[in-house]
Amino acid sequence: MTGKIFRRKDMTISILLLALLVVVAISYPLLALSDPNAIDLTNKNLAPSAEHPLGTDYLGRDILNRLAAGTTTSLSIAAGVSAISLFVGVLIGCISGYYGGIIDETLSRIIDIFLSFPGIVFALAIMGFLGGGVINLILALSVVHWAKYARLMRGQVLSIKENEYVLSAKIIGAGDFHIMRKHLIPNSVATVIILATIDIGHVLLSIAALNFLGIGLPADIPEWGAMLSAGKEFMRTSPYQTIFPGMAITMVVIIFSIIGEGLRDIFDPNDTGGEYL
Amino acid sequence: MSYLNVSSLCVDFLTENGSVKAVNDISFEMKKGETFGIIGESGSGKSVIGQAILRLLPSNAVVNGSISFGAEDLLSLDNKNMRQIRGREISLIPQNPAGSLNPLLKNKIQVAEVFEVMGVNKKEGIKSVLGMLKNLLMKEPARILENHPHELSGGMKQRFLAAMCLSYKPSLLIADEPTKGLDSFSKKGTLDLFRHMKGEHGNSILVITHDLDFALEICDRVAVMYAGQIVEVGPVTDILQIPSHPYTKALLNALPRNGLIPLHGHTPSRIDLPDGCLFYTRCNLRSDKCGTERPATKSIKGGVVRCHLY
Amino acid sequence: MAITLFAVFALTFFLMNVVPGGTSEMILKHTFIGLEESATQEQLAQFSEIYNLNDPLYIQFIDWLKGGIFEGDLGMSFVYHKPVLDLLLLRLPATIILALSSMAIAVVGGVSLGIYAALKENKTADHLLRFLTLFGVSMPGFWVGLILILIFSVYLKMVPVAGYGSLENLILPAFALSIHSLASIMRITRTSMLETLGQDYIKFATSKGLSVNKIISRHALKNAMLPVVTVLGFQMGAMLGGSVIIETVFAWPGIGSLLVNSIFARDLYVVQACIIVIVFLFLIVNFIVDLVYIYLDPRIRYG
């Protein structure tokens, strides 16, 4: 398994880059080298230089510094969204698939309804009325994302529950909870987690989009989408504030796509997209 | 003069794990009007031969040796001339009737292509197909043409494919696993179909099959394949009554009517072939020589065999 | 579909109304800007009457639903003081033009590049296209929009930065909105085309002596399109969502920018209506996609 992963050049590089990003995300706020919000109006809208490798923004804040601090924001929110929506999705999908009947009917219907909203519109509406903030953002995006996982999980459970080992567990009188915890979830969760890995890219794009629209986090939290939104006003004179945050988002999304799709190829060799490098 | 002549044919498939020797130094020839069978277990490489003749193998296949058909060397023809051979000269009834028809197109469109390739007026062509379908014991041929493939049963699909192939009036017909996955009733139908093609149309037919009984019923001569090699070729009556190669004997013994004696062991890996005879580990007549030296083919009365015993 | 639509109506309505700082307070803010403190009970009651806020929530919902379905009355905008329906009708064409042109770019570009990549499997062109797709699905659409503005408006001065009304105005937003779907469609087309080319009926068609062009045009294309059609519905949804942001970037006067502005202005009924229009468009697209699928695949038609 690990061998298969690291035989692929694109996955190896992506995993290393992700590890680096995670280290940055965790250590950056702890190290507190310099304040990403420090305003320096004498040095505003600067082009990249030795002192400011990626330039400064309209308030003279160092762009590289803010991008690094933005890693913490994006990755922690994405992690929160994935954790919550995976938990809810796996649970509901499992219950729906396992019990069947009216429970399945109802839950499937609810899943369908949630899937019939274009995600970002739904998240936008929730954020608009809950107001900004980290917790609200995580909640809004979780509301949007759980249904996908639930549907996949339900399908997995439907196919697994007919297996002999599940039937025999039932025959010897194992409880529903035991069967779900010991048999259904462990045997189907891998597929869902792979989907979630690919999906982290979408979550990151949604975080950026909501903040770009100005409905996301308070202004004192550095975030890539918000940086883009502020930077676009100065596009004519200082395009770096627009270019670099977008590149940062793209890069992180690409990393998650490669890892997620690579994992999928390894788990399901029929559906192979091939390597990227 | 031989009509189809395959000599020293080798087909290797390049895979991630190495190169797989699917067909390993195979030679045989077919006479005009003859029904020739290639018998082997699944994985013996028999279907690869049929596809190699029509050059239908995927791009990771490396083909060596020569295949001559009449005056043409099939492996060195350019694509345009190869297309002239496909269908019109050599027609292949594929092994998976269900998957070989395009599910989205009406049967009629798929038949009409035959006449498109031959340059025959489509209307007249379709008329002749209607006769052919009737001839091949199908009811309501007109309705069948208006249907989509999924509306036909498995046996009907096979007949339909056969009718399509016969419409070319090819000089050689290749049938790849005609009885694969059929129940005994449908097998009987397939047997009738082939007897009919053989008798009425007088085709030369190359039958590729794992079904020993079927081959013995329908063929004039058969070749027995094991692990990518031909181990024995001979007239069907000889093979049936006095098989020479230990593998052929084992195959016959494994038939239900001969006592269903199973053959133990496994076929060797086709990536790293053993030095000696490929059948060595499973052979009950083996000697020391068989483990170290690969036997060459030898002519015996009526055919050839690849074994140190002869 | 009717049940789904009803549930979407209900969900949207209650989501919008059960939030802190309820409806009447919001109207108050919009109607008496700067005078919120001095608004009298009488005035409040009067506005509650106009905006139909006196009844319990479920009655309001039923009234709203009835009004929406039978009279095309989706309530009044607090901000524009106009019927919501009028606002929507004014904005809808812009969104539809943008979405349709983006979809056209995405489908034409995605399908043709996908087929090209499949036919050039594992050659340089294929690798290059696959690498570009990775960027296509990973770049935020609004950033692509900004970069396009930067290149084509700011530096090359070829097209105006924003605006509405001419083809020039449409090019950049349509392209920015299409890029993600284009890449996704290309990807699925390539995969599906390769899978189709490996099918037995392609092999049989080859053995029939057909030319490569015939095999591709008659046997591969239509079959390879089935999975593509399936993702089209989903892509259209993503595109409707994306249009909300792209419209904001390019000041495109469609439903999306109306939605964003109304969220900021807390213009409840407009927000509700925008969401419902977007969901409704999405459901219609999916319905059309189902019809196309049925048309393409005879196995479903009769099965």
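In order of appearance the chains are A, B and C, and numbering begins at 1 in each one.
We take it that contacts are C-beta pairs under 8 Å (C-beta built on N, C-alpha and C of every residue); 3 or more make two chains touch, one makes a residue touch a chain.
Keep in mind it's a predicted model, so treat the numbers as computed, not measured.
Counting only chains that touch, the fewest steps needed to get from chain A to chain C is 1. The chain with its CA mean position farthest from that of chain A is B. Here the spacing of chain A and chain C, counted between their Cα centres, is 21 Å. The geometric centre of chain B is 54 Å away from that of chain C, both derived from CA atoms. Taken in their complex, chain B has these residues touching chain C: 51, 54, 56, 58, 83-88, 91-92, 94, 96, 99-105, 109, 113-114, 116-117, 148, 150-151, 161, 164. Put simply, chain C touches chain A in their complex at residues 3-4, 7-8, 11-12, 15-16, 19, 130-131, 134-135, 137-143, 146-147, 149-150, 154, 187, 191, 237-238, 240-242, 244-245, 248-249, 259-260, 263-264, 266, 271, 275, 278-279, 282-283.
The part of chain A that touches chain C in the complex is made up of residues 109, 112-113, 116-122, 124-130, 201, 205, 208-209, 212-215, 225, 228, 232, 235-236, 239, 242-243, 245-246, 249-250, 253-254, 257-258, 271, 273-274, 276. Of all the residues in chain C, the ones that touch chain B in their complex are 198-201, 203-211, 214, 218-219, 222-223, 296-299, 302-303.
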